[in-house]
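Note that the chains are named A, B, C and D in the order they appear, and that numbering of residues resets to 1 at the start of each chain.
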Amino acid sequence: MTAVVREGLRQEVLEANLAIPQVGLATLTWGNVSGVDREAGVFVIKPSGVPYEALTIDDLVTVRLSDGAVVEGDLRPSTDTETHRCLYLAFPSVGGVTHTHSTRAVAFAQARRDIPVLGTTHADTFNGPVPVTRDLTEEECAKDYEYNTGHVIVDLLDGDDQRAVEVPAALVAGHGPFTWGATARKSLEHAIICEAVADIALHTMSLSPTTPPPRHLLERHYTRKHGPDAYYGNPTTPATR
Amino acid sequence: MTAVVREGLRQEVLEANLAIPQVGLATLTWGNVSGVDREAGVFVIKPSGVPYEALTIDDLVTVRLSDGAVVEGDLRPSTDTETHRCLYLAFPSVGGVTHTHSTRAVAFAQARRDIPVLGTTHADTFNGPVPVTRDLTEEECAKDYEYNTGHVIVDLLDGDDQRAVEVPAALVAGHGPFTWGATARKSLEHAIICEAVADIALHTMSLSPTTPPPRHLLERHYTRKHGPDAYYGNPTTPATR
Amino acid sequence: MTAVVREGLRQEVLEANLAIPQVGLATLTWGNVSGVDREAGVFVIKPSGVPYEALTIDDLVTVRLSDGAVVEGDLRPSTDTETHRCLYLAFPSVGGVTHTHSTRAVAFAQARRDIPVLGTTHADTFNGPVPVTRDLTEEECAKDYEYNTGHVIVDLLDGDDQRAVEVPAALVAGHGPFTWGATARKSLEHAIICEAVADIALHTMSLSPTTPPPRHLLERHYTRKHGPDAYYGNPTTPATR
Amino acid sequence: MTAVVREGLRQEVLEANLAIPQVGLATLTWGNVSGVDREAGVFVIKPSGVPYEALTIDDLVTVRLSDGAVVEGDLRPSTDTETHRCLYLAFPSVGGVTHTHSTRAVAFAQARRDIPVLGTTHADTFNGPVPVTRDLTEEECAKDYEYNTGHVIVDLLDGDDQRAVEVPAALVAGHGPFTWGATARKSLEHAIICEAVADIALHTMSLSPTTPPPRHLLERHYTRKHGPDAYYGNPTTPATR
């Protein structure tokens, strides 16, 4: 039965979901991670409303990319499933998606402000501000609300996959952060970093009307970890400073 | 002896009380949760001043709804018992009550400001601001102080049970949050969420003179989790995103 | 050898010291608790600079009240020992003293502002603001510095034991909080509460130019836990909400 | 093989690195500690991008002081290795270096503000503000970036070893804190203290336009822990209050 997705994906999605409370990004059952198998045309996601401490690999739900139908699993998938699906369809490079209500990133989303680039901690991962979407319209809320939540992110990035690679995170206005990456685990890492840079930005902004650091410093940090000239990390270790 | 209340209630009240320090809402022995058995006409509550690490099921105190008399238990009940009783008497839908001194919610109570609705994290649970009561009068403090602490909450909601269902939390001015729900466990969840949204609101307000998100977004989030069209959660899981 | 102090005192002082990092009030080896045996004319205190994880009951140092001489123990006592001694000599009601560098209380000490009474969380324990001392003079720093650190607290309270009972905490300007109580354990509890109310006050003050709650509310909270009409707690439990 | 460095150094460097997440200064794999063996002309440092939970003593990398060549270890050393090397070459008193992205210190670095001396918690360790460097130039970013990151610190202190002893920490503008000390362990302690004083300073500054405490108080605290008249600590314990 579970052969429907490539080996290891369900385990990776389970572990990434279980990491959400461990890294302090969760309140109650909030938050969810998914991972995609593009060959099989499906993604695996957390079920809706299951407490993390009770979550097992058998609770995960497999959803078809093309139409959102549940193809495996006894539980209802996360209510945010359609948002994940929209992001997978729009951005071919995305292998995993994470959504949390982590508090500092949500504060920026609620204030409808981008998380600005204020230092190398940000530039190490995000090659630009973490942008905030426009508000959803009344029509977008009334019908296909969750899919449209993904749609305003796609809109924000002009559907440009390269932009999704360079800044793998966005804040949905009045809601909170969605992050993504090449794998479920990477999307979770970006959620952790998004919250960290939001937290640091809040404190930086309380200290001064901030001037961003020089662009050459930021570029140096981004390119030493990403692209052809990257020299961060070791072959057998995840590329995360 | 313990047959006076329905099976499982004492255990649920114990677990909800023990969860207060686990979820980081307690300082020392502060905080208390109760659960009601309306058929038996009693509620079960934490004893006064017992440290959480020493609390056992036998320490819980059973109190009569009609007059506040202790009907079971060797210890004195929480000093806040009469506040709980007042809320049970006023709002028939309430099955459990939680009181904490969680720091961000207390900050709003001390500033005598409602926790405003600034995003979907709030709207998922509270269908409106978490309101703050008026100050108690000198007379209300002098006599039946704890009962009157409940009374100002009842006043604030015009004694309307439906309002108590839609926003299951209030801040007593200069004091702190009281939350409630269909069960003791739900009242605790609302205390956790009340603190989380207070924390996020504080940071949002530091970022911008806040404009609330459009009403249609907030309504969508409330109704996807509450009422006839709710589609959040799974049959066997608690309905908490 | 250890018979010099009353039974249980060394154990109580050890446990109160070990609790400092457990309750999150310590950085590295910072902080110290002592307890006095007035009959024996000595007090027991943490040695200087010993990491909490290595601290054992044999490391504790016994110091004579009258002149500060070490009467038992192989290690040098805390550098703050003379401050503790000064407080014991000035205030007969004090049975234990705690000093920490807990961050929010230190922030008030550094800003040279009292922690104001903004709600019942404060009034439950402190019957008035937690006051900040004047700066020490150059002479007071040059000679008997640590004793003089206690002296500015005594000065602040006009040496009035009753004031020390009603507000068992003070902030030394530019330095940090000292708290005390009937026992070592109570002095530690007051340190925990001092930090909690400082934290809540910081957030309250960020929300509004604060008006204190009505005096009758604050008095009610203080008197329900202290004095002849107190009705908080249970005979066998510590009197701390 | 490991005989290349003095006994105990590798273990000390391992433990100091593993302590970074334990004391709450790390996000993901961020942060690194090194320790030097000046006789052998090498230093030992964390490898690049290895998660703390997977880090073993065999992963540590030994680097030659004179030219930065790896002389032992299978993994690539931390990308920040050249910054450590620059500091070792410039300041003969430095025995260990720590770099973290701890959030409050990074906020000051991003705001390009010194962490001011606002109280004795700061003065106990740092005999002056923790200074922030100038921005790196475009040329300094383009070539030998990491070495130049050390260079702007050396510049800031005019290459004066005594200044490096008195304030064993600096903030690289737009980046974050580097701290050092006589040993790897001491450099880590200074990182912990740097973050603590940054946190306290942020809260102090939110309370008042701060006036520093009198110089005689600050000097007293520094000299009671440092220099010929120090009287803090015990012979067998680390000298850290």
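Basically, a residue touches a chain if its C-beta (ideal position, glycine included) is under 8 Å from a C-beta of that chain, and two chains touch if they have at least 3 such contacts.
On a predicted model such as this, the values are computed, not experimentally measured, just so you know.
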By label, the chains that touch subunit B as well as subunit C are none
If you list every residue number at the subunit A and subunit D contact, are more than half found on both copies (same) or fewer than half (different)?
different
If you average the Cα atoms of subunit A and of subunit C to get two centres, how far apart are those centres in Å?
46
Starting from the mean Cα coordinates of subunit C and subunit D, work out the distance between those two points in Å.
33
For subunit C, jot down the residues that touch at least 2 other chains.
206
For this assembly, give the contact graph shape among line, ring, star, complete and other.
ring
Once the touch criterion is applied, which pairs of chains come out as touching?
A-B, A-D, B-C, C-D
How about subunit A: which of its residues touch subunit B in the complex?
27-30, 47-51, 54, 75-76, 79, 101, 103-104, 106-113, 135-136, 138, 141-142, 145, 173-176, 202, 205-206
Show which residues of subunit A lie in contact with subunit D when the two form their complex.
118-121, 189, 192-193, 196, 199-201, 203-204, 206-208, 210-214, 216-220, 224, 231-234, 237-241
